[in-house]
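The structures come next, written out as structure tokens.
First chain A sits with chain B, and in the next complex the same chain sits with chain C.
Let's look at the complex of A and B:
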């Protein structure tokens, strides 16, 4: 027995400490190898340049009412946030499985949601330097911003993070049950880049794809960021779009929370929790 | 801050730390393109209770249902039927409370973050259990010292040997100072010296804590456990203290008598004489390296059997070079209750 009685945290302090510990642990592992950091920075820059060249080749000088460089700059910020945050949170449970730690993790009384959130936030935090790289590249290739309300920009950025976390949260449950959930998620990535308006304006999508685009919270979130950074929109001007982004995010988060509980029970019932 | 000094089970005043009541676990395999559906009963109506402050062993061969049983007790698997409580809490209804009571060593190569150091693993798991930062640091030092890993604590776990990982598993299980520990094959894969050290550490856990231990090592069960349940093909086939269980296998006691010269020239005469006296259940005969004969007699009453055997050998003019009495082991108990060896 411990010589001195141990002290335990309760309630919010417990969740907060778990969140911070998970973020720290994730960042520590992610930055172990410099190639990881380099790869994270290279992917969005290469995507950015590739899509910019595609627009040049197509002969379009404006996209969604602004220059292609500016349009894609915001799209790449959205794409980067989406990609790493969704993958960070969504894959967190699958990573625990492949690492062989899911049993040890589920033996603790910790909230699974906090762990997933921690991994998602850590992925976001880990790519903060990459934002700077993208913005610099954007300015070098002619992107110009028009910001009048920094609060609107900040909330629009937050809405992209929240949108990405909510979808990652919903995917995490899927990964508890499926041993190859990442294959499903990977194959959905490219269609989502289009549907969320990262690469082409959502208004230019075919009519029949609009409903699918509307259920993805990243779509309105990116629209709000474009309006606030490229057209000088104020918070009042984007409030409806932001409301839509946060509202659909809440819905996905709720689906994620319920499915997480449901699938954990199902995995324990079927004996699949630790299989990989 | 929460001061955890009153644990649920103590509050409930039960004498048993763990109670399993007719636990059953069935795995259903769905039919696929190239395989038929099937049903495997991994654990079949298993019942036992573990008194507080004792080490209780689940002994059985690989695939007997030991790990499945402890996974149900530690909330990683939901029983198909039956109930179980840990520290007075139901393993299905109160799973979070059960997890707070438990330290579990599932062991092996998995269950630790290989990229992190041993220290960082403990700090992370300490946070997952809700321990305060100061408490984690103090306790991590204590448990690392207890398992003898303090000098390697700041190395990455992926570089640890199997034995070091096993010791870190135990440190992790002890970190939040749980009143109940579940150890699944804790010494499997360890070299003999490391196994001895780890057994000593486990023995020192009682009476402050309760330990449920699974093993297929009879020596380990015999040495550590106050009570043992022998499990085979998902069912408990015998239960009791090591001494009680061995008494059930009294017929498996053996006396071994080595003779200076071979018994072949009196072929069958000695056995026939002993058989006439009805002292033995069976005989085995082997040749010793120096050309004599080693006669093994299975019997219930070793003292009488030894007297009679020696008398018969004297009567036949055979000189004896060595006499041994081998008490029944848990292997014999397992053999007698299941009809097969522990393997």
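Let's look at the complex of A and C:
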């Protein structure tokens, strides 16, 4: 089976082979430089400790009804997933441009969506050890879980990954169009940390910002994970929040699919595809 | 009079003029490049949006603590200057390497520190242009009231920037050796966030974090800026912060120049200057 050339395999096998190749390539490049491995691993852990100290300095002993360590633990899982998948998936196409390979990529008959998904999943998989470190640090600094429904936790975790991937997919077109994907991706981080409730509860946001916060799938997804892991919520208790997270994710993924096609066409037509 | 000046004096003034011209030309080139590639949107996102949204998060964490909110406004402005110092030069060197022009830059017959100074100035001016927006956000939205002691503020800022320039040189040198200045900056930045007193005053840190924080210039600089900008503290009032800061401002540029020269020689001897 593996002797059959890629282009002669069936649709699903072809996509699968593309996905696996993209994941493998991404992981190899990502682990090539120790500086990169270190910075990716340390950033979320240090962010967690910094915000925990900030809450200690503020004198607040509870945040969103739980201790700051537990509240931030879930927030950091969301933050890390967001950071990885948006940078990993959305920025991947822009990265091809800076490497001078975007023209070649867009000449191949592979699905752009599969390429972006591959980069996003690889970013996520590559950082699994960091998730473990964050959880260990969380327990060391006093975070305690209250889980009654493991299925609710699993679906809430899945919703965070799906939410982040969908936003990364939606932003890929913007990154190509702007020709400064890195800058746009970095600039979006603080607003998203603010609106998605990674560091402060969304209930503390001003009333007029809540609708904006709701259309970002990461917000409801993190709320669902907090409820299922810190307050013992069941699947029934978080179904509405999960529905909002998956529903808005689907919307962003659709926007990404349409915009990426449009942006690729516009960039090729205006001759800007390989401009850097 | 000039014609009869000794040859050494004439060559010294010629070298100084060349260095100044190279400094101004690099600054201008970098400023034009930044503006043409990123434009106002890039400025608005990086220098205005990121600090403002981080301040919004801090304001929610420090709700009911106006003293800490005021400190955070100054701290985040200081953080922008710190990030400028640790990111800009390394990032520009990365760009030059990617474009294949790094070797030519090092072969140019002008002092290294003229074009390195030009890189630094481009970042500094962009950061300085963004700072008023953060301060205005603090004043208008967060209700922070400033009571500046201008001589103390000017001295604090001058010492702080000189110390940061030295640190920037050290990090650029290390980034040159690692071939990834930007990733090094991303690695260093969260340590600065934790220990640099940019989210909270370092005297509020627990002992195990306060001791390493006291070994860095960031906390002294931020504390001096906060004291002189918010509480009308005079130079004598700020002596406990200004004296260590002056020491850093004296030593770090010398260390930076020595480190850059040493690492440059090392990298050239190994033939790695334009390796990617």
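As a convention for this text, the second predicted complex is superposed on the first by the 268 of 276 C-alpha atoms of A that agree within 3 Å, B and C clash if a C-alpha of one lies under 4 Å from a C-alpha of the other, contacts with A are read in each partner's own complex, and residues count from 1 in each chain.
Here is the rule we go by: contacts are C-beta pairs under 8 Å (C-beta built on N, C-alpha and C of every residue); 3 or more make two chains touch, one makes a residue touch a chain.
Everything quoted here is computed from the prediction, not taken from an experiment.
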| item | value |
| --- | --- |
| Touched partner set for A:18, first chain B, second chain C, both or neither | first |
| First, second, both or neither for A:101, with chain B first and chain C second | first |
| Chain B versus chain C as contact partner of A:110, first or second or both or neither | first |
| Contacts of A:211 with chain B and chain C, given as first, second, both or neither | neither |
| Overlap of the chain B and chain C footprints on chain A, listed as residue numbers | none |
| Touching residues on chain A, where the partner in the complex is chain C | 33, 35-36, 38-39, 42-43, 46-47, 49-51, 53-60, 98, 178-180, 183-184, 186-187, 189-191, 193-194, 199-200, 204-205 |
| Residue ranges of chain C touching chain A (in the complex, touch as defined) | 37-38, 41-42, 45-46, 49-54, 56-58, 60-63, 65, 68, 98, 178-180, 183-184, 186-187, 190-191, 193-194, 199-201, 204-206, 209 |
| Residue ranges of chain A touching chain B (in the complex, touch as defined) | 1-10, 14, 17-18, 20-22, 25, 28-29, 32, 99-101, 103-110, 265, 268-271, 273-274 |
| Interface residues, chain B side, partner chain A - complex | 1-5, 25, 27-28, 74-78, 96-97, 99-100, 102, 104, 106, 109-116, 120, 123-125, 127-135, 138-139, 142, 172, 176-177, 208-209 |
